[in-house]
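Heads up, there are several structures right after this.
Paired with subunit B in one complex and with subunit C in the other, subunit A is shared by the two complexes that follow.
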Partner chain A sequence: MFRPGKLIELLESNMARTGNPLGLKRSLLSEWLRGLPDLKGRDDTILFTGLMYQLTPYIELSTKYLQKIENSSLEKLFYFYVKLSKYVNPYRFLTLRGSDMERYSESLRRIFLILKKSGIDFTYREDLDGYSGILLYDLGDDSAFSSHAQEISDLLENADVKKIITVDPHTTYALKVLYPEYSGLKVEVASYLEILADVIDKGRMENLNEVVIHDSCYYARYLDIIEHPRKILENMGYRVVEPENSREMTSCCGGPIESISPVFSREIAESRIEELSSAGKKAVTMCPICMGNFERCGFSTHDISDLIFGGMNGSEPSQE
Partner chain B sequence: MGCSRSKEIQGGCGEVTGMESIYTALSNRPVRDGIRRTRENLSKNVKENLKKYPFLKKYARELRDVKLKVINDLDFWIDRSIKKLEENGARVFYARDSESARRIVAEIVGSGKTVVKAKSVVSEEIGLRDHLEDMGNEVWETDLGELIVQVNNEKPMHMIVPALHLSEDEVIRILERVGIKGKNAEECTDKVRLFLREKFLKADFGISGCNAFSAESGSIFLIENEGNIRLSTSVPEKYIAIVGVEKIVPDDEHAIKSIMVQSAYFGTFPPSYINVIRNRQPGELCVVFLDNGRKSTDEILKEQLLCVRCGRCHLECPIFQLTGNVWGGETYGGPMGMGWSAITSGISSIENEVFLSCLCGKCRIVCPMEINIPRIILHLRKLAVRQTAK
Partner chain C sequence: MMETIFREVARCSFCGFCEHSCPTLKRSIRHYGPRGRVQTILFALKYDILTEKSIEAIYTCLVCNACSIHCPGKIRIASVVREFRKALRDGKIKKGDKILEEVM
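This part shows the complex of A and B:
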């Protein structure tokens, strides 16, 4: 188990330097925008990625290293690295395969395109996008979380944003539930799944494959977003298979604990993978953390955006 | 910001110690397999119970409201309970902390006595068995699983199914140490019955916890499936009940509802035995009310006091499924153990363990009392971090 205090220290110093918890260069987080058409639309409605899709491949990469040293004397190396992080970008030493990053970028691009295709009018502005601070909150660092929330809220309110579209459960929870409480944010927040559930009509395609659905803990238990993904998938023609433990009883993917204990995280993932894979061949996730943690543990899932996108374009994404 | 903190780091955010046993548990397959088996059986039962008896959900909701009322006015209800018990002719004691509870019970029991115990988490909380043994008494757990754990000198792996991690072979070997010889589980169970019968008959004292206490009639309500509580509380001449003050409900109706909810959400409904003890004649009834942090919780931790100790949150928790009761504090374990350990032993007792949670929130969904356990865990993290920042 890594020391919570050290993790907090690392997060705080990275965020102070770069605004994101891993201390990554901003340009890395904007790669997904490549090749997208016009980002402008109605300017009071914005797409807010919260950076989770962009960060996940890097989180998984570091977790792979960390799991090797957890509970060994090498843990000290990590604490040394925490010290270093104030001065240099530690990701200089870690390289990510392009294809690992590309998967997550592709999902984000698809979310953007699906929304546009469905007639949703919105703008994406890099300067109005940012990390929600949710990890600070999860680790109990209330004061850092609340000043970060204030910063982001001010940014959004000063830009006269009226509606925010989020793309992952953790950011959705932060903006929808925590920000109003911590920084008085008054802007309407909705996950893109909530929005799509209202606009995607029945019967686009028939006879697409069955998919085993993995509900995210935050969507299902904290935000009551349970029916939306099902409705979307079914309207797209997929047959949704419920695994053992689904909907509000969904089992955790282990992801939220990967920074404290990669070992525990893996064990939890493995038991969920067992449940998912015994329900069918193809599983769908709706959170980058779930997808990333399963991937690290050797189980590939489809992001729900890939399935929706595939359905809209009359083809299914290829099976990895 | 965080950087300056590190110099003074201590507590929850400092050196991670005391977590070794949790990692050892992780590689202990029998624990995991035992929990899986128990969970499969019990979860199915709970689902069926709730479908077959839909009123149970209604009771649970009603109970939450009633218990909340009591917890918000504990002194009033404690006074009322004490008065009623005294009217009934019981000897009543009040213990502020576990040390004074141990002392009170030790004074009542003395030394050189034989004591039979019903399985009771609250007695684990105050370390009663060891204390009475140190005072020169012979103390026997009379619940089969708890007896096995006692003989094997370990911590119960689940508060209702203490020996779920042990195989039949292991149990046979453990019981041999106290001269109970059987070839299989059934034989052992029969032999244990004979073994304990002798203890019941010679016991000077019976000791139990309490599942619910009715302030209206001054009665102790206890449920069980083995019949050992019935014997422990009625055969010895003197009987001592240790009652956590949060067990008080206003009346018999809610005491009954409380034990029904507890057993249904545990997974055995109806329970095989329901014991209601108002007085002991002939004999003597002693009741020790225990505070031990319960009266001084903050607003968020207070919600944990609504707990009916059904054990549902344990079996559904992804961390508990891997470690058993090893995670969550000295006595209490699992998700509910976070709050309970903080209440009864202080936050420092679980300052690292609270970080080993996914906050996945399943415990909240399955809890009959709808206790927001993830909120409690997060609250304890905040306190640990704040302490470090000081």
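This part shows the complex of A and C:
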């Protein structure tokens, strides 16, 4: 296990410099917008990505490196690097294969297009999008979390936003449950799955494949978003298979501790992968962290947006 | 805050109903489970016992909340673990200072 205090120090300095936990340049996180049609729509309803899909491939990359040095004398290198992090941008040294990033960008683009195609009227504004700070909260750094929450809340309220559409469980929980408490945010927040569950009608396609559903802990246990993804997938014609430990009993992917202990997090992922793969051929996730941590452990899943998009366009994503 | 955490963990009667659902316990030893974590916090607050292993137990928790739904006493286990992390972070846990310095 890496020293939690050092990890928090790194997160804080990255957040202070760039507003995201990895200290990435903002332009790297906006690549998914390439090729999208008009981002404008109703002013008071915005799509808020929380940057989680964009950050995940970088998180997985750094986790792969951290895994190699965890529990060895090289751990000290990491602590030395934490000291340096106030002055040097780490990602100068790490490069990501284009295809690794593309996978997550594609999911985001698909979420955008699915919502538009379903007749949801919203705007995406880069300047109103940001990281929620949820990792700081998880690690117990409430003071940094609440000042970050305040910044984001002010930004949203000053822009007269009335409704926020989120795309991942962690950001949804932060904005829907924590922000009202920590920074008094009074804006309506809904995950895109909640919105889609009301608008996607039955019987779009038939005979699509079966998928094993992996519920996200935050959606299933903290936000009671259990039926929505099932209803969407079934209405699109997929047969949803329940693995051992599903719905509110879902078993965690191991992602939340991937930076504290990459090695242990991998073991947790392996347990869950065993459960999922014994239930069927292909699994579907609805959280980028789940998808990323499984991917790191050699288990590739569909993001739910890929399945919905495929169903809407009359084609299934490949079963690679 | 410490009072709230203490009141919450002190309600645990260590029945262990929470344990089978914990993903980290399946792969490790006893203190890496919800009952162990609650006990760890109780020991730290009541008897000033805080070791390197207890810190590990607290930070390897996934905060996934699978345990809480099985708790007959409805203890908010995941939330109390997070609050204990906050207490550690804020320097509210005074005992075991040396360990905190080395591990945190």
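The rule is simple: the second predicted complex is superposed on the first by the 320 of 320 C-alpha atoms of A that agree within 3 Å, B and C clash if a C-alpha of one lies under 4 Å from a C-alpha of the other, contacts with A are read in each partner's own complex, and residues count from 1 in each chain.
Methods note: a contact is a pair of C-beta atoms (placed from the backbone, for glycine too) under 8 Å apart; a residue touches a chain by one contact, two chains touch by 3 or more.
Quick caveat, the model's predicted, so the values are computed rather than measured.
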Simultaneous placement of subunit C and subunit B on subunit A, clash or fit: clash
Subunit B versus subunit C as contact partner of A:C217, first or second or both or neither: both
First, second, both or neither for A:E12, with subunit B first and subunit C second: first
Touching partner for A:S105 - first (subunit B), second (subunit C), both, neither: neither
Touching partner for A:P4 - first (subunit B), second (subunit C), both, neither: both
Touch count on subunit A, higher of subunit B and subunit C: B
First, second, both or neither for A:L139, with subunit B first and subunit C second: both
First, second, both or neither for A:N71, with subunit B first and subunit C second: first
First, second, both or neither for A:T63, with subunit B first and subunit C second: neither
From 5-13, 41-49, 167-175 or 239-247, the subunit B stretch with C-alpha clashes against subunit C: 5-13
Footprint overlap on subunit A, comparing subunit B with subunit C: 1, 3-6, 8, 138-143, 217, 221-222, 248-252, 254, 256-257, 260-261, 264, 267-268, 271
Contact set on subunit A toward subunit C in their complex: 1, 3-6, 8, 137-143, 217, 221-222, 245, 248-252, 254, 256-257, 260-261, 264, 267-268, 271-272
Contacting residues of subunit C [partner subunit A, same complex]: 21, 23-24, 26-28, 55-56, 59-66, 68-69, 82-90, 103-104
In the complex, subunit B residues that touch subunit A: 1-3, 5-6, 9, 12-16, 19, 22-23, 26, 318-319, 321-322, 352, 355-362, 364-366, 378, 380-386, 388-389
Subunit A to subunit B touching residues, read off their complex: 1-6, 8-13, 16, 71, 86, 138-144, 217, 221-222, 248-252, 254-257, 260-261, 263-264, 267-268, 271
